[in-house]
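Following this message is one structure expressed as structure tokens.
Lettered A, B, C and D in written order, each chain numbered from 1.
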Amino acid sequence: MANNKALFPTVIWLTLVALTIITFSLGESAMSGKGVMLTLLAITMIKSQLVANYFMALRKTKFLWRAIMFGYFIIVGSLIAMAYLMGLK
Amino acid sequence: MKYKSQAVAKLYFIAAIGLFLGQILFGLIMGLQYVVGDFLFPVIPFNVARMVHTNLLIVWLLFGFMGASYYLIPEESETELYSPKLAIITFWIFLVAGAVTVLGYLLVPYASLAKWTGNDLLNTMGREFLEQPLPTKVGIVIVALSWLFNIVMTVLKGRKTAISIVLSLGMLGLAVFFLFSFYNPVNLVKDKFYWWWVVHLWVEGVWELILGAMLAFVLIKVTGVDREVVEKWLYVIITMTLVTGIIGTGHHYFWIGAPAYWQWWGSVFSALEPIPFLMMTIFAFNMVNKRRREHPNKAAVLWALGTSVMAFLGAGLWGFLHTLAPINYYTHGTQLTAAHGHLAFFGAYALVVLTMISYAMPILRGRAANPERAQIMEMWSFWLMTISMFFIALFLTGAGIVQVWLQRMSPTPMSFMAVQDQISIFYWAREGAGLVFLIGLLLYIGSFFVKGESRAFE
Amino acid sequence: MPPAININNQDDLPGDFAIWIFIFAEMLAFGVLFVAYAFSRAQDVELFNASQLTLSRISGAINTLVLITSSYFVVQGVAAIKRGLNKQCAHWLTGAFILGGVFVVIKMVEFHAKFAADITMSTNNFYMFYLSLTFFHFMHVLMGMVILAMIIMKAKRGGYSTQDYVGVETGASFWHMVDFLWIILFPLVYIIR
Amino acid sequence: MSATFTKSMARNVFYGGGVFFFLLFIALTFDTMKVLPKRDNSQNITPAVEHGKKLWETNNCIGCHTLLGEGAYFAPELGNVYPRRGPDFIKAWIKGQPTGVPGRRQMPQFNLTDAEIDDLVAFLKYASEINTNKWPPNIEG
């Protein structure tokens, strides 16, 4: 059990690395369009949320702080998404 | 009064109030010239009146800051002032230099004044707020350095508190950034660019350190709240001030020839500038609510709370109103700027000096607080001045909005002077509010002469 | 005032609250700039897309991996100090510091290439945002490295304990912020089009 | 509120944050100074412009007018007065002051020579050609 706990950050780290590589290859494949854009944004927000929750250890703190952080990603993320959707037209 | 040398503050406070009165009188002259254009012309043309109005403002605030620091630093450092004599000498030098300068403005044509005072050696005159002749500018540097020296030496030999350190840093910044007033390149863009290093970095930078320190001092004294708590918040608030305010200088770089990216940098950071002011308001009310003692000086508490609220309204809200580049494109250099300038200077700086005077003056006169009747009068003056200044800002805002519409946004723009005729009703109203302000100020001065039972020290 | 003793209250933010006020302010500033970028892009998609293709995506991606890994090291450093292991903490943080240095070098190479091509903040709106955002972030990395360096030195002296490691958590929180801001910045400016 | 919130950390954040943002400001200033020659019309600064700026300052014109939106708001913007009115109008105007119309705002007579007025106009022309990001919105200033 203690071992599992120590491994946990490593798992998060590997996940982040994997997500970064996915982001990069999506960028290299020169794909564009609504679906790709939203996928990339979603990945980005998941990554930042992972860093905030597990690296910064906000997961252990009270609701207010987690809400501020989560709200920040949601608001910034959706505003960016909105702007990009505007740009598509 | 715990330390004898604190008494020098009294001189500074009296001078500050006297010059404040002068500033208001010239303000009223200008206000009338806005609607009766030839009032007092050619004896006191508008540009002269304005120079006196703004320069007196700066000088009386500086007197206030100096008096305040000579009062609070001995108490913070728990030691006598390093040199009360130097403080007195500095006072007279500053007062005489100030008086001579103002007389020079009033009695001599500005161009002759420039010629006689060595402006040909080093061009520094004729820029807004920095109109002082070269000798006066040098004098300001000397006075500021002597003040800084006196304070720092006192702090060094006594207890070092966050308040005294922040105050000293603010004074250091004040002296350092004033040096940019000696840099006046022919290149107009550079001239304006570095001009703001004095003006903006003063009022939206280092002066706020002084303001924060003074407010923190008074709040500790009148509420009895733990110093640790107050000083912690002092640091946090001034951190936010610098974080937002330094890059916030960019909001002055939108349209003066500086690169376009300042529109982004300036808008983003100056949009955050209200945050430290909001924090200050919340902080002040929190401290007063958590007070551990009932200080007999009720008036001082009112001034302190008033400072935090009006600074937020004037500097924070009225600044935010027109700080974003797309809005500022239309409002730049209109009566909206004047509205913001009035409310911000009054709310943040005039009020904090008056707070300090209100707290310290009774003690300097040998009592914990003024008689009840004097305090009531003082509170009346607070409300009269604050409300009338708020109305001045409202009327100027109204004037500004109409001006922006008629002159800059309308499909058939009107000329500047034609627009001024259209908005004269706002200027009349502003002049009326200005008169109420004067009454408030006279009442304030009167409150010093009210006799009665006063509370002795406990 | 008692010395800063962290009893690790589960409710509280890791590190000193003072840094969190700063972190929230920084997040706000970056957030506004991110959104401003996105909306400016919507005004001129072609220009942004064309200019975006001139960026070195590979160096951006490598830098992302570098920062993520350094953040991971910082997590290990905090875990070490919670067990009172000053030396190990210093080692992990030194690793993070070195990775910060790698980030800085890669970034400087990137900046150099842009300046050599005569690209400045005044070239066009895209480069204005690209240079502003990355430079602003770059300075945060430098500042984070200064903070890490100070913590490393204190840890080497054995300055922290299982009772008092708030300083480490404070620096760690700042570093993670630098990390996740880059995590948003990288796809936004380099990839998404 | 967090249990750990110390004055010493608040102080460190203050110093760190203050220095950080000041350095950032210096960096931006540095870039501005590099870009400025492309925008500030400094190639057109002649001795006449230099003298004109001095006259502008020593007669405290900024005490009533704005220049590129900065100054007093009592009299018209002069950053674009050159294209708005043209040199001849400006010269005649300065010479014709004060108008003496009762109740109207008055501009003092500064007793400038013709050569001085030419220099002042040269300065206003130079100022009007600075790249101000298209400000003011229209010719009325």
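By definition in this document, contacts are C-beta pairs under 8 Å (C-beta built on N, C-alpha and C of every residue); 3 or more make two chains touch, one makes a residue touch a chain.
Every value quoted in this text rests on a predicted model; they were computed, and no experiment measured them.
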item	value
Contact-richer chain pair (by C-beta pairs counted) among C-D and A-C	A-C
Cα-centroid distance, chain C relative to chain D, in whole angstrom	39
Averaged-CA centre spacing for the pair chain B and chain A, given as whole angstrom	47
Rounded Å distance, chain A centre to chain C centre (Cα mean)	15
Euclidean distance of C-alpha centroids - chain B vs chain D, Å	23
Residues of chain C touching at least two other chains	1, 12-13, 18, 21-22, 121-122
Residues within chain D bordering two or more other chains	5-7, 10, 13, 17, 24, 31, 35
Topology of the chain contact graph, where touching chains are joined (line, ring, star, complete, other)	other
Residues on chain C engaged by chain B in the complex (per definition of touch)	1, 18, 21-22, 25, 28-29, 32-33, 36, 121-122, 128-129, 132
Of all residues in chain D, those that touch chain C in their complex	1-10, 12-13, 16-17, 20, 23-24, 27, 31, 34-35, 38
Complex interface listing, chain C residues touching chain D	1, 4, 6-7, 9, 12-13, 15-22, 120-122, 135-136, 139, 143, 146-147, 166, 170
Contacting residues of chain D [partner chain B, same complex]	5-7, 10-11, 13-14, 17-18, 21-22, 24-25, 28-29, 31-33, 35-36, 39-42, 45, 49-50, 53-54, 56-64, 66-77, 98, 100-106, 108, 110, 126-127, 130-133, 135-141
Residues of chain B that touch chain C when the two form their complex	228, 232, 235-236, 239-240, 243-244, 259-261, 264-265, 268-269, 271-272, 275
